[in-house]
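Below are two complexes that have subunit A in common, paired first with subunit B and then with subunit C.
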Partner chain A sequence: METKPDLNIDRSVGDFHYDVDYEFDAGTGLTEKTIDYISDVKEDPDWIREFRKDALRKFNSMPMPTHWASHDLENIVFDNIRYYLSQGTQPKRSWDDVPEDVKRTFERLGIPEQERKFLAGVEAQFDSEAAYSNIKAAVGEQGVIFVGSTEGLQKHPEIFKKWFGKVIPTGDNKFSALNSAVFSGGSFIYIPPGVKVKHPLQAYFRINAENFGQFERTLIIADEGSEVMYMEGCTAPKFETSTLHSAVVELVALKGAKIQYITVQNWSANVFNLVTKRGLAHEEAEIKWIDCNIGSRLTMKYPGVIMKGRKARGEVISIALAGDGQHQDTGAKMVHAADETTSNIVSKSISIGKGRSTYRGLVQIGRHLKGCKNNTECDALLINTDSRTDTYPAITVRGKENACQHEASVSKISAEQIFYMQQRGISEAAAMSLAVNGFVNDLVQQFPMEYSVELKRLIDLEMEGSVG
Partner chain B sequence: MITLMEKPAAAPSAWPAWFQAEQSAALAEYEKLPVPVRKVESWRFANLKALDLSVFVDANPVASEGRLINASTGLKDTAAKLILGNNALLHRETGSLPKGVILETLESAAANHTELFKKYFMAQPVELGSRKYAALHKARVAGGAFLYVPANTNVELPIELFQWVEGANASVFPHTLIVCGENSRVTVVDYFKSADHLPALACGVNDLHLARGAKLTYISVQDWSRETTAFHLNSTIVDREATATALIANFGGAFIRGESLSRLVGEGSRSEMYSINPVEGTREIDQRTLQDHVAPNATSDLLYLNALDDKSRTIFAGLIKVQPGAAGTDAYQKVKNLILSDDADPNSMPGLEILNDEVRCSHGATNGPVSADELFYMEARGIPADKARRLIVNGFFNSLVERLENTPLRQHLENLLAARLAIG
Partner chain C sequence: MSLKIENLSANIGDRQILKGLNLEVPKGQVHAIMGKNGSGKSTLAKVMAGHPDYEVTGGSVTLDGLNLFEMQEPDQRARAGLFVAFQYPMEIPGVTIANFIRAALQARLPEGEELDAVEYYEHLYKKMDALKIDRKFTSRAVNEGFSGGEKKRCEVLQMAMLNPVYAVLDETDSGLDIDALRIVSDGVNAMRSPERGFLVITHYQRLLDYIVPDVVHVMVDGRIVMSGDKNLAHKLEAQGYDWVEKEILATA
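Up next, the complex of A and B:
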């Protein structure tokens, strides 16, 4: 590449770690004792302690889903993982109170700066617990709650208990069961009726310790007619051994509410990123997942929307970039359970070098429903000869007044395009980058501006060295 | 009564001894292999109740031989005809076949053309889920059709095969093995028919082998009774510059499990995989396909059309696999479901696995109702709604039948389709 792009956030920026003295450490391995340790430290109510133990039993009894998923999952050694690490369970409200070493981490990632610029609230999670959580006064006065999951559970039990674990049951899959057993951190957000939060709420997730598993749990409830946009970013240093990130994110959009959930996942290439994300959309509500996966060793993530109320809408916009040694196994699930519900899935993936990207989708329209529509488009771009892409959709659309279409295509960058650009003095590498950016451009446009700029730069970086 | 798990007591086998030994081994394999479960991806969405085969028994020799031979009518002009009933040969006409073409039962092929038989008979591994039922087939296969077309031989008129089942709970194991030599040409129409409306089991295998430059058109007209459980396991191997066109029409059966694998092993080869499936009542058609691109610059084109009425079910699970060496692949895969009832249950899983970047590849799946505009147009011209609907379904399927190049064959299929949809 001719010019080195000026980067705010890139792989190398995230690739550092500090030796931290943890106040709480559950040790390695997962038993009932680990659960008790976490529950004791977090002062969990009894029902949560029981919920965790039940989840542990489910986790232990469920097999690895390798009858359809990558056998790379077998390389996760659950006994070597540290399930809980923190320097204290209460997040700091003022940036000055955050411990110096943690502050350095997040300042390197540019978090307070981002907040000053345009965010309505920020939460930053360092290993197991939120290190910093703040919300702008004006947003707080509207009754918006934006806290860590522990605080949400303690201070707003009536809302928390009503929805927690209701969108994604514990036994949904092996990794949602694992998360339910050892969850810590993540956000709890409640938007009161009619409140439209103007600026995005943002969370940063950071894994600092080696062999650590991060299991955050996020629950967002948008009450009737409210609107919210939530953005999350994630980084981790490159350790020799693998790291596990297994989150559960549940969204509830009540009548007429709108939730947009944006993820830019840039974990380092040793992270197993196995995440369950699902939203429940009531009447006329809209849930949109914008999901961008650039990092990790293996990502398995299929954001879903259950359209429970009439005229509800679900949307998944997904971009995946799989470099050498990476497998981005991503997709979407759309479950139509009411009349006139509509959903849209647009997925674009790019495989570079020996990278592998997989789209896995599920579309279900129940019988006796009317006027439901789904549209799915999956496009894959292959950069090198040994790049790989797979598409595995499953579509069950019943009812003669419903319609659905699925289309997928696979292509490579056209030699003519590259030739055309080279004729005009653009180097081959820069031309490839331009072509890739063009391929995802219509999706990137849907991101908030700061994110789309960051994304374009990440793509440029990934493309470096892929030609020739 | 003899159940499938037991060896028929005194029935003399026409197979050579070495093959009988293989059959015993296959039966042991059938017994050893587990009954599929839905957790296995190749049986996802499948109706496993249909896999209880305990009621089926060995078929007796057909009772109404003359009637079945008379009812074995198809095209006006044919090059040859083979009629089989309950796993045995009933009739053979090979008068107009060019020199060197072999058309006989598998049993005689095993005896008279042992080398050819050994080279091609079930030479492909069963990869799409039904290993157990392929083992059952091998253990019990009898009769069957073996067609060999030597190099540079053009069989101008189509060859017709009729494979009948007769009797309550009778089980048949139809087998069609077609070997096309270099630059040969042949068209085969394979009819699967029931002599009655009774329940039966058909567990069949079709293997098509195309050597360099060969051209084969294979039409399967599956018209089992509406009470029949059937497995049809097809494999097609296409070598350099050869072209295989296979059209499977599923008109009958209560439960049909179809597996079609097409392997493009030679550069510039081409495989067309088509299927038309009108389903109604509680009938169920479960089809799994694989377009396996091994060689470079090959083309495959799959189009499956389903029209679902009442409480019928379809499953389409297709995969295009482009192997690392298959640069220049053109591969297409499309399933279209026309939904005629709220209770119909179509499931589509069109998949891709691409391991080479020099490809043009696309797949699609659509689900939708009969267009209200088209219905209105016909009703406005005095066509009753029910007939208008059948005409639209007919047009939907004809869009595929039209792709056949041979005019008498195309017209014949159009007539069969119109009869099936009761359009007169």
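Up next, the complex of A and C:
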């Protein structure tokens, strides 16, 4: 029986958790033993076990990037984190087979319902492993592979091995090294040449346990001329202690392929969200990241595209909302490595109260290249005077035959403006929602309908929460 | 039934601006307030609306017997029927006029009820046409880049859409061209009704030729010091405020 959620839950849809018996638990702290435990449970092939151990060494030897990033990173106590928790490594193909407490969680988050309505496939990860993974029969018959990372590396090694860790090398940064050491869950997707998947594939990442770290690893390969849209959502309950989410996502778009990757995250305010996302676009391929970051204590995420083939296209559209006590440190990375490549970055950040937003952009265009274009637009909205926003664009354009355009704006909603809106009968929270939704509206219109509705709802909830 | 202000005192920071102000606008009437720059007219409007910068130090304001100061939030007061057309309307970037007014109307509906979008636009266009506001304005951000006169017209549009019980118009005539003054006045006059009261703050008697007031008040240094009929406005226009101050001194 579904119990009626108490009223507090409305504040943040994801703020609830159930006590779950974990069959597999790697304990707290991170040593080689932890890795052996994970590799044993997952029955990793030897090369993966070695890959993990090599990554652990890199992780241990790399310093925290606090020379440029937030010192809040120093508050992560790696020894107190649990690196692997699961009820088994095999996801169920039917919701009926998913353990009751886990199923209840996803039902409450509306996942099975969305799947029925508009998705081509769903993977639902609960702590370290997917509890459910399924793809519509018609999509599977086209040769589309949509499985977890473990199944991907075990059953499709010929594709997996070729691209895994190639877009984002282990030592790219300290957190990609951490993920490489202990990764579990996430999706492995392969779209055969010419296949255009009509409906989105979705993954949902749920953290349920306290003092836990979630390290999913996603690899998407779109073969020549294929198209796919992948959407991810994530939530965690609000714990007193901090939770770590550190994913690595690699995309490969072969010649003429299109990948759209959409994230709507709604982490609770205790989550450190440190994610590395990058795509490799071959000739005439297109990779588009749509990234909506709501919640978390500190998010550091700079989705990137390496445009490796002629006429490749990269795009990052991001919305970050930093409420009181939150820091959204986001941005984009565009590496132009072939002629006539084009990239577009649109970043909108909203800071409320003591919330803080940082934009870091990196655009590189090689000296020998011709006909490359980048457009960067970076807008900030500050609600109330304490808010803070920083912009660090780094643009390196070499060669005369390339063009870069950069625009930035800061707008403010003051107490005076909120008062004006309130005088018309609109509550403080609704006034803030109105301002925020207005600010992001032109971007949201590009999102699939279901996600724009979801985003608007999350913004409303966040505003209600921030008024308190 | 009235908008009743009794012995109202209010500060901004350490400075007292309203100093025991008394004024009553019975429902169905139009009252005007005139007074020198800095006498506290806009302060009165903002204090009633619940502006967070002002501290009420004494007195009360009631709306048909409803204590305004028992309502903490400005939006509660607005929904109780108070509307203020501001002297300096705020610009709200990113929020279109259509969405803004719609949200304001939606806020007045019971929970779970949705505003009918088609009816809403019909209604909005009708009011815009009457105020000769180009329909293209619906998709512009509230007051952003508006001319002074356009802002004032937009305030009156909001008033016409929200149907307040008591409306305070703070220098809504300032910045209007001659035609606009006529249009806006017609708009206000069309809303005059036994069910509504107006408090019109102005510096110019000319407005009161269009919106003929039942009572004219003179405000000096945070207080209403004199009240009369519309002829008082004529006298002020002709002679300024010096005689008022002398007369108060004489009677004090």
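Rule of thumb we're sticking to: the second predicted complex is superposed on the first by the 433 of 468 C-alpha atoms of A that agree within 3 Å, B and C clash if a C-alpha of one lies under 4 Å from a C-alpha of the other, contacts with A are read in each partner's own complex, and residues count from 1 in each chain.
What we mean here is this: contacts are C-beta pairs under 8 Å (C-beta built on N, C-alpha and C of every residue); 3 or more make two chains touch, one makes a residue touch a chain.
Here the structure is a predicted model, which is why all the values come from computation and not from measurement.
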Touched partner set for A:Pro448, first subunit B, second subunit C, both or neither: neither
Touching partner for A:Pro157 - first (subunit B), second (subunit C), both, neither: neither
Subunit B versus subunit C as contact partner of A:Asn402, first or second or both or neither: first
Subunit B versus subunit C as contact partner of A:Ser411, first or second or both or neither: both
Partner chain(s) touched by A:Ile383 [first = subunit B, second = subunit C, both, neither]: first
First, second, both or neither for A:Gly171, with subunit B first and subunit C second: neither
Which partner, subunit B or subunit C, touches more subunit A residues: B
Residues of subunit A at both interfaces, subunit B in one complex, subunit C in the other: 411
List of subunit B residues in touch with subunit A within their complex: 39-41, 44-45, 324, 327, 337, 339-370
Residue ranges of subunit A touching subunit C (in the complex, touch as defined): 381, 411, 413, 415-417, 419-428, 430-431, 434-435, 438-439, 441
Subunit A to subunit B touching residues, read off their complex: 67-68, 367-368, 380, 382-412
In the complex, subunit C residues that touch subunit A: 49-52, 73-75, 77-79, 83-84, 86, 89-96, 99-101, 103-104, 107-108, 141, 158, 162
